[in-house]
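Multiple structures follow.
The two complexes that follow have subunit A in common; it is paired with subunit B in the first and with subunit C in the second.
Moving on, here comes the complex of A and B:
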């Protein structure tokens, strides 16, 4: 038996209600900082909000905001750019990440070094990466154009050309996130049952068959996780685009988060911004639902 | 996995070396630029007299806010990490060990999932109004609060995975011996999930240090964090390339330090979802 202590009263009370004491703070955080703001989005989306002498003036403007959303061509372009960016970048990252994971597992050496090096981009500030790459993409003295001109070609306008800018952003993203895909898939490869692969090899499977008929099907759960994480993150893309191009030239690299930022904080349109936020949330969920369906269909096959 | 022999093995090593080089090369090149005077950067020279001018200018010149930005970033990242670890670990314990009815835990976890999927900028508008209402506009407190909300889902999931790994019997045995539940949590479960706390803590710190979109929207000149400052460097009329390179290199130091310090835990944390 424990002897009663004078200071025990508070802990006793905490202990008796431990269930609520432990979950309560998180519930408060989520209600105040996520659920309430999300609910507020609906109110804001139905209004136009102006500031006059530190006073907020809300007027009903649901239909105006709707009409603006329907006619907002930049938003439509941004939506398309974001989806295109997400699909292309994530597809390349998955292929490279998977290849690298199988390669490192097969070579069976330099595992530690590779992992140490490849974790660096994942943990770097995306803004620092954006600023580094904007230096490297520089037209006159960037390292890419030094290489291009060194090979005897004309310098390339990486960020200023309408056709190329989005691909420049995709190249950066592939550099940034392939290591992350690698880390997840490498953990998956290492967790595979060695006997199964050994058995397939003894049965005469060649390397190509091993990869496509044994390893990839067995790794499907890890692949699905990496795909999901990356797609979610790709849809949120903001930092690097803000640094590299700010959406330009024109609207060539405009993405949804960037457009939203501009509406909120450069045009100061809180009401329409909220309408746009809701549209983006709906689009994100739809995009992921479609992706989920597709992944599940592939997984069944 | 695969058996690579002879030329294909050499080719494999070549590919791996190329991959590692491609990841490191940008850092080396930008590091090189940060040691040059502006004129050498614009000439694109490879051989030049190195100088620490850019670093000195970023860190100690009078027109530079960078030290202030670093202090802001350290405050925001450490306070939000500490809070998120406490709140997240408690919630994870509650969800994995207490008897919550199905729909409550499902609603809670489902909500964290949905919230994690949507771009954080969608909530910046209501946050702005909320903080304006309570007089926290452009304060570090406001930024800390948003970072807690942003990184809580990840922390809860990671800690749940680690807590589930601790056998229930340990706690139950202690409670049979007269230990209160709260002490069983403090003295038995908590020490056993230390690796999880390190992994979640390092990730929460790094993500908070790196976070840009919300910080850009909700901070002012005096509360700007490091990423905001770097973006400002890049957006001035006369871009100062050398300073920009130096600030970028400096901003990666915490991530590098934590990587060498807790790499094993971080990799474990990052890849948790795939293995489980």
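Moving on, here comes the complex of A and C:
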């Protein structure tokens, strides 16, 4: 007669299933916070949703939503505006942020104070920034036009000119987000091995060579991180445009997030709004992929 | 008489006097009994102070507690949606819903018809119906009181009025404009940018330009669609009347406004009037108290009001009603619903509406407009309002209303900035609207395209 097998202790069970036990919490968080909302978004995008008797009524409308997306003139303009905005704003922010990071890192005194002052814009709430800049851009009473007219020129139609409005938003974005780039790159500069820079100096490298041939190549990982974050955020631009121009005049500053907001929240078109969300995610990924390939090509050259 | 006794007698007399006065005051207002506390979703719009005052008076008179969920305009819709959609009991007992968005709540079945809560509830006949803002016909899917149910009532009847600098017009020997051509004639004399602008109207893309253009469209006999109340959604926005209206709107905007006429919003317009730069213009009636506020305005007592300009001297002003609607969520608690009904009954009485107006609100009772208030300097806008409101039209009383608003808000702005000609903008708008109505299975079509 065989003796009964001893019951497995809790420790044995944990040992046997350790990978699942350790992965479990992460999987739950992933499913609840990422997979489920994303699956729901896909389902919504394939549907038309309306309310009756306080109940949601879902009907399949994938092809209708696709067709609508393909023919949505405002979305196409908004996509182009967003891409243009992202390229121009992020390029300026990267150059300014890098320049400021190297400059501040080279300071021998007041480095901490300078760094703190420089990052103030990124700490401010977007609504406060939008309201403040809206007042500053004001045609009749804004501080910019007070300066312009004080110098004897005609007031500038910062937000009302089709040719200028998007650039006015870009200026605000550069002011707001350059400190973010600066902060990441400043940490990168401060973390560079001092002996490499000293060695380059001893070898007779001029400041220009030091920056372009030593510091920037060494900082490439930090630059890539800043570029990635800023591009994603620039593609999602909403608050500045909403508060400054509401996408106008005409379609001059219409961006994808603002269009999505109007469709989803103002027009209560939940299904098509979800389709727009997916299109924006896809466009952002495509934009980053193109950027990555371009950067890789430049790197190989 | 000893001093202490004298003091006691005086105190007793004062107390008795106060009690009598209080009792008299309570008598003059409706007694709605003790109610559970309620929460009202209310927007921080220019007329909010008047509402806050009247709520304080309600609390003082009845002892009932009202919590105000004060929210900026842009957050109102989402808060109302969250309250009715999220399941469970609504944290809000009385919702203030923008007229354009009411249909979403009516059609979605999120609101309780008022007579289902209290069969005795009646909107007094003196209260402005504002073109059936608070009714819903489930069968017709349209806002109509005759065949529909009473879902709510308007806490204010916001319409636009013509504002002008009375002192300047008098000094220059100009008449108050009756037509848009009069506006242009006055503008030629008054317009001297950047010190003085001949006429101010909102041109900002979206609801701003949509709403301000309605003053022209309706005055020129134009319309957006043919007969939506009876199911005919044939698009008529590209009619010759609409084209004439848009041409005039653009002419006035470009020749009489500031350089940023195409992005001018409500805040900008009020600011330009307050600072004395605006000579004439049209804006919502709720803006008026700002012009007489000495802390904000440099032209206190100098801005007068008149009905909106017409297309011809014997025509009608184009009055689009931009009201809100107070309604009760279906998922509010039973006590909350009862409390909301009690407050509503009290709020719609003459006395409460009078107090509401005195506090800075826009009343909804015609007898308050006809009261002694109209003779008071600060309410000099009331006769113009009363004259104008009979022409008031509630537009976009169907599901697609917010989308129509957005479509027109874009196309009109494109015409204003010259991105499209007026004819092309109206043709594009008509195409967009027809597609929208088709998508929703409406009986639709559109007029022959205008020459572009």
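Assume the second predicted complex is superposed on the first by the 260 of 301 C-alpha atoms of A that agree within 3 Å, B and C clash if a C-alpha of one lies under 4 Å from a C-alpha of the other, contacts with A are read in each partner's own complex, and residues count from 1 in each chain.
One rule holds in what follows: contacts are C-beta pairs under 8 Å (C-beta built on N, C-alpha and C of every residue); 3 or more make two chains touch, one makes a residue touch a chain.
Computed from a predicted structure; not experimentally measured.
Q: Both complexes share subunit A, so when I overlay them there, do subunit B and subunit C fit or clash?
A: With subunit A as the common anchor, subunit B and subunit C collide in the superposed model.
Q: Where does A:235 make contact in the superposed view: on subunit B (first), on subunit C (second), on both, or on neither?
A: The answer is first: A:235 touches subunit B but not subunit C.
Q: After superposition on the shared chain, which partner residues are touched by A:119: those of subunit B (first), subunit C (second), both, or neither?
A: The answer is first: A:119 touches subunit B but not subunit C.
Q: After superposition on the shared chain, which partner residues are touched by A:74: those of subunit B (first), subunit C (second), both, or neither?
A: second
Q: Check the residue A:265 against both partner chains and state whether it touches subunit B (first), subunit C (second), both, or neither.
A: The answer is both, since A:265 touches subunit B and subunit C.
Q: Considering only touches as defined above, state whether A:249 meets subunit B (first), subunit C (second), both or neither.
A: The second partner, subunit C, only.
Q: In the superposed model, which partner reaches more residues of subunit A, subunit B or subunit C?
A: B
Q: With both complexes superposed on chain A, which partner does A:141 reach: first (subunit B), second (subunit C), both or neither?
A: both
Q: Does subunit B (first) or subunit C (second) touch A:160, or do both, or does neither?
A: second
Q: Scan A:202 for contacts with subunit B and subunit C and give back first, second, both or neither.
A: After superposing on A, A:202 lies clear of both subunit B and subunit C.
Q: For A:151 in the superposed arrangement: first (subunit B), second (subunit C), both or neither?
A: In the superposition, A:151 touches no partner, neither subunit B nor subunit C.
Q: Taking 80-88, 98-106, 116-124 or 134-142 from subunit B, which overlaps subunit C after aligning chain A?
A: 134-142
Q: Touching subunit B and also subunit C: which subunit A residues?
A: Of subunit A, residues 138, 140-141, 265 contact subunit B in one complex and subunit C in the other.
Q: Write out the stretch or stretches of subunit A touching subunit C in their complex.
A: Going through subunit A, the ones touching subunit C are 50-55, 64, 68, 74, 138-141, 155, 157, 159-160, 162, 165, 245-251, 262, 265-269.
Q: For the complex, give me every residue of subunit A touching subunit B.
A: Listed in rising order, the residues are 1-2, 11-12, 14-15, 18-19, 21-23, 25-27, 29-30, 33-38, 40-41, 44, 49, 56, 100, 102-107, 110, 113-136, 138, 140-141, 143, 146, 175, 179-180, 183-189, 191-192, 197, 201, 207, 210-211, 215, 221-222, 225-226, 229, 232, 235-236, 238-239, 242-243, 256-257, 260-261, 264-265, 270, 273-274, 277-278, 280-281, 284-285, 288.
Q: How about subunit C: which of its residues touch subunit A in the complex?
A: Residue positions touching the partner: 77-78, 84-85, 104, 107-110, 194, 204-206, 258-263, 268, 271-272, 275, 277, 330-331, 402-403, 406, 410, 413-414, 416-417, 419, 439.
Q: Would you pull the subunit B residues touching subunit A in the complex into a rising list?
A: These residues of subunit B touch subunit A: 1-4, 9, 12-13, 15-16, 19-20, 22-24, 26-27, 29-30, 33, 41-44, 86-88, 90-91, 93-95, 98-100, 108, 111-112, 114-130, 132, 145-146, 148-149, 152, 156, 178, 180-183, 185, 206, 209-210, 212-213, 216-217, 226-227, 230-231, 233-234, 241, 244-245, 247-249, 251-252, 255-256, 258-259, 263, 266-267, 270-271, 273-275.
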